[in-house]
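Please find the structures below.
Shared between the two complexes below is chain A, which has chain B as its partner in the first and chain C in the second.
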Partner chain A sequence: MALPAWVWFLSFFTLPVLWIVYYSFGYKPDIYHPIATDKLSLHSYHEAFSRAFVHVFSQTLQISIIGTTLCLLIGFPFAYWLATRVSPRWRGVLLGLVVVPFFVNFLVRTVGWLILLSPAGPVSSLLQRWGVRSEPLHLLQTRGAVQLGVVYNYLALMILPLFVTLDRLDPAMREASKDLGANRAKTFRQITLPLAAPGIVAGLLLVFIPLTGDYITALVLGGAKGNMAGVVVASQFTVAQDWALGAAQAVILIAMIMGTVAVFGLFALAIRTIVRASRRITLPPVAEEAV
Partner chain B sequence: MSAERGVGEIDVGSVELLGVTKRFGTVTAVDAIDIQVRPGEFLSLLGPSGCGKTTTLRMLAGFEDPDEGEIRISGRAVQGVPPHRRDVNTVFQNYALFPHMSVSENVAYGLRQKKTDKTEIGRRVGEALEMVKMSRLANRKPREMSGGQQQRVALARALVNRPSLLLLDEPLGALDRKLREEMQIELKLLQSQVGITFIFVTHDQDEALSMSDRIAVMLDGRVEQLADPDTVYDHPRSAFVAGFIGKQNFFEGTSRDGGSIVEGDGWTFRTSLVPIGAVDGHAALADVIQFVVLTPGRKEVIARLPRPDAPRLDVGGRVWCSWEADHTHVFGAEQAEIVLADPASDEAAAIAG
Partner chain C sequence: MSDSDEGLKILASVESAQRISRRAFMGGSVVAAFSGSILLSACSTSTGGAASSGAASPTLEDQLEFFHWAQYDDPKLFKKFTNELGPVTHIDTYTSNENAITKLVAAQGSSGYDIVVPTGPYIPQMVANNLLQELDLSKIPNFQNLETVFTNQPWDPGNKHSVCKDWGTVGWIVDKSQISTPINTWKDFINVAMTEASGNVSLLDAQNEVMGVYFWANGIDWTTTNPADLDAYEAWTLQMAPHVKAFESYPGYQFAQLGYGLSHVWNGDARQGFNSFKDPSRYAWGLGSPNTELWMDNWTIVQGAPHPEAAYAFINFILDPKNSLQDLAFHGYNTGITGVKEAAQAAGIPYLDMIFFDPAQLATMHAQEINSAFDREVQIFLNMKNAAGA
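Now for the complex of A and B:
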């Protein structure tokens, strides 16, 4: 029964990725051909590590780490409030409001922000009318606009897994903690947070991975100042027609995502080990009772 | 434990509920109840679901605030004192053990919040686990244990803090019958050993009768009767208490001669002797045989006899039932409705002997 899953995984994931890796060692022979692989070299990687591209990669990592963190900081309080304070009837409505934007195409949603944030758009004109600003707002084509856009586009992917774990957390757990002398902050730190950890990890991965590779948000809202690696990779394959460079950049992007996840995983593991060690208590030896 | 109580703290472990009322929207869950609990007492709050017993417990723990009235624990008003600052611990209905912590970490939780010294924590957790016979499973996780074992851990987790008041919210409800009866005895022994005031919420009358020093029988947010088990059993103050506490036969009619004769639509009999009727059925329940007898006027009488004494009776056989006159209680007509409305009376049976 596991065979179809493996076939699927192999033909639609492993092989294409290997193909990309293979192309990344090729080169662009002339302006008429995007790729040649008769001579394999690391040439494309040298090019991919040029100063301009390194800047884009580091900016991508910054945007995605800040964006994922913001999603967590906004999503957790919201999911917690939704799971613990809101009556079940309203919970459904609010969850619906979180999900409904997903029914709309990703590009359309992002273009919506284009209208909203444009210098002649509603945000800009309202700020001018209220006298907050004297001139039109120039938010578009900046890194800030991309940052805002990715948080908006990926927030729901953070909220949903968090809500599910927090909703399944028996309220008696928090009550038992308070009953045993822990105030709200201690209860949150010692009970709610560790029990919500699987949801937090799921949310972080669900947001961080697609966000780092995202190119639509940056393409629509970012311009030259808000560039992301995804845009660069896409343009190598489409505009520049240099598939070897595009493939090398794609491989670097994948490595960057995996590396960041691995570093985060090790960090989380270290914290867990420390927390567990601090919680452990040694009982004095007792005479083994007869069974 | 008693050595820790100074002369001036004679009230430690006392509980007073004075006119305590709690409403949820339009529903009055607890309606101006007055209960005084003595230090070291085992008090049960007994009643059907929705009678306000759990709400009362939650107000004592600090999870709910009363709308009216005053709660005093150890002589001090606890109005506005949050749960984590009350000298009260709770054994929750489904134990509420922390799934990410081992047994010993669960038990240590309360002491750690008070910044107790680590070796002291180890010593006291060890003692508490020994007390509930769980030392061997100290490193298990809650999900690796049976309900009865989790129950013991929950008890140790609460008692290790040496609270002046322990609240137990139907702690034995999820256990099977045999284990429940064992735990009843153990819990009672434990309570006299530690000398802590126990307030025990249950809907099981046998449980309340077998463990409590006193029982507060509750209905619709009010205390129907607050007395020791014998008094509640032998002298129920209302028809509801009689119906809820025991298995009773109820006859509706007009009573004469101080209740020794009851007269209904077309029938009259002495309340200690039902006229001859026909056996309608019988069933063996654990150690008793239960007979259903149809008397003239289609009154159903349920008689339960201990198994060794029970005669062999066939369905349709003619029998008469009698019982001691002082086992009969007469309640005013205004209470009839309460009894009839309560589903528990569907299975009301007699203690005819």
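Now for the complex of A and C:
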């Protein structure tokens, strides 16, 4: 096991991805052969962009951006509360509760929502009993159900890195900020948030990337309306057996994920540069290092 | 988690086992593991008084490997087969004919499977690709139990490579409390799906059958390869797509739970739905009209099968009238055995009108064929699914 990490990375990540890229230039020769590569062309990409799944791709992007944002909005306050307000004795228990669903198979967790959300299910009947709704809940097989499902399925991936960074944050920092006259909002904005930034970035990436490629949640909860790109790619491989088109779609999906990450990354970088430039104050080097 | 509880009940009684879908929605290893556990836990109830096999031979291998649809036979029958004849059975599952064929092609005769169960129209190409063995019907004496209507099919004249497992058709279930317009034909089905039931319709997650809806409604032969017909079909899929709530292969037992108004459904699955409904009178089953599908799944022996004698013995075993009836009670499809209808009536099996059809109905049912239009049809269907989310 003395192999360097790059061998592992090369053989189980880089080569398979390159293989997919190679297949995406191939074609499907007949019904019983999913791929041929004796003639290479951009045909599959042309096919991919000429069809209705361009729409599915934009819907996927919306679901994953909204989903990732919701995970952050829910995950950050929770992680902050867990790291700063909860006594260390309970912290482990609560963190354990966050992780416990991960011991259950992803598919099974998602199928659980199928039962909870069905028109004849417990959520629907409670809402009706409390008079919130006059008729059964028809949330299943909609985009809303998929949105809910992905937030549920990926929330823990946001909470864990956030918790780790916030937990490491020395309380003395916030106290110092207060002593120096900053109010709570200012302390949060100028101390906590910048220091938690690495955790936020890690959480965003950990949630956004797998969420965009997810297909189980959409398959189980989405019906015809809550379709996602992962389902489209999978059905080219398993139903149509057209590996060239499936590979082209997979490559587009990968490019879309990388593109989105790059755009948001540049955006964040630009904001940081602007903020730093506008806030620049001349302090002795020691104080600069403390921040 | 009530769903998995029901899954466990299925192991216990035939009554609830009827609620399992023919080709359960979850594919791959999940189902394979599940069927494995059924085999393990199926109690050794009946060893069967009457010796049902005429083909028991001393050269029988001790194993039998299936490549099969999920949940498609009574698990007790596999146990009974092992008890009576010896070979231990094992099942791997697939979710579509294309999927199964691709794997067999890739294995080049070394798949290790003995029996595979393709749908009729796929057989000629499988034979052409040398995936199936030629059958020696003398090793299947119970072949004579099949009604002649279900032998000698166009895709396999003389049953050289296949023997009927069971057959079925396609139609719809409607919730009469939601939908007041009567539905008698595929044209009505489309009209209601686009109006009264809009947004609350499920179509089968199967391109052949969805294509059938359009062609049958418009009086076009559904084996057409005419590009103009396919263009018209493609245009229709885009009109239809926004009205569809889900593409669902087994809407039957979930029909009431999910509150569909109208579902496109296979007859056996519709029957499982009716078995599960609290108030069956609220729902109606309709057989597709003026024309509809006849599909037939078939026992075949894989080229290079390591246990061919055991495979013959199993096919002969399952064609025994008593075993066949037991299987029919499980999956709800006509097994084509002479006298199975009378036996089912005598056994008091419910909703036989969804299993057995009279000659007039049978005359309206047509088999699909796999032709040059196939790949395009698949892409039209997948594109329809993508458009449905718009």
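Throughout what follows, the second predicted complex is superposed on the first by the 277 of 291 C-alpha atoms of A that agree within 3 Å, B and C clash if a C-alpha of one lies under 4 Å from a C-alpha of the other, contacts with A are read in each partner's own complex, and residues count from 1 in each chain.
What we mean here is this: contacts are C-beta pairs under 8 Å (C-beta built on N, C-alpha and C of every residue); 3 or more make two chains touch, one makes a residue touch a chain.
Everything numeric here is computed off the predicted structure, so don't read it as measured data.
Student: So, does A:R51 touch the first partner chain B, the second partner chain C, both, or neither?
Tutor: second
Student: Chain A residues in contact: does chain B have more, or chain C?
Tutor: Touched residues of chain A are more numerous for C.
Student: Just chain B (first), just chain C (second), both, or neither: which does A:I20 touch?
Tutor: neither
Student: With both complexes overlaid on chain A, does A:A172 touch chain B (first), chain C (second), both or neither?
Tutor: In the superposition, A:A172 contacts chain B only.
Student: Name the contact category of A:A182: first (chain B only), second (chain C only), both, or neither.
Tutor: So A:A182 only meets chain B here.
Student: With the two structures laid over each other on chain A, which partner does A:A268 touch: chain B (first), chain C (second), both, or neither?
Tutor: Once the two structures are laid over each other on A, A:A268 reaches no partner at all.
Student: Now for A:I254: first (chain B), second (chain C), both, or neither, which partner does it touch?
Tutor: It touches nothing on chain B or chain C.
Student: Touching A:V201 in the superposition: chain B (first), chain C (second), both, neither?
Tutor: A:V201 sits against neither chain B nor chain C.
Student: Can you check the complex and tell me which residues of chain A touch chain C?
Tutor: 28, 31-34, 51-53, 55-56, 59, 107-108, 111-112, 114-115, 118-120, 136, 138, 140-141, 143, 222-227, 232, 235-236, 238-242
Student: Report the residues of chain B in contact with chain A in the complex, numbered from low to high.
Tutor: Going by the criterion above, the answer is residues 61-63, 82-85, 88-90, 92-94, 96-101, 104-105, 108-110, 112-114, 118, 121-123, 125-126, 129-130, 133, 135-136, 138, 157-158, 161.
Student: Under the definition above, what is the set of chain A residues touching chain B in their complex?
Tutor: For this pair, the touching residues of chain A are 170, 172-173, 175-183, 186, 190-191, 194-195, 279-284, 286, 288-289, 291.
Student: Considering the complex alone, what residue numbers of chain C touch chain A?
Tutor: 1-4, 26-27, 30, 95-96, 98-99, 101-102, 105, 125, 129, 207, 238, 241, 244-248, 256-259, 370, 374-375, 378-379, 382-390
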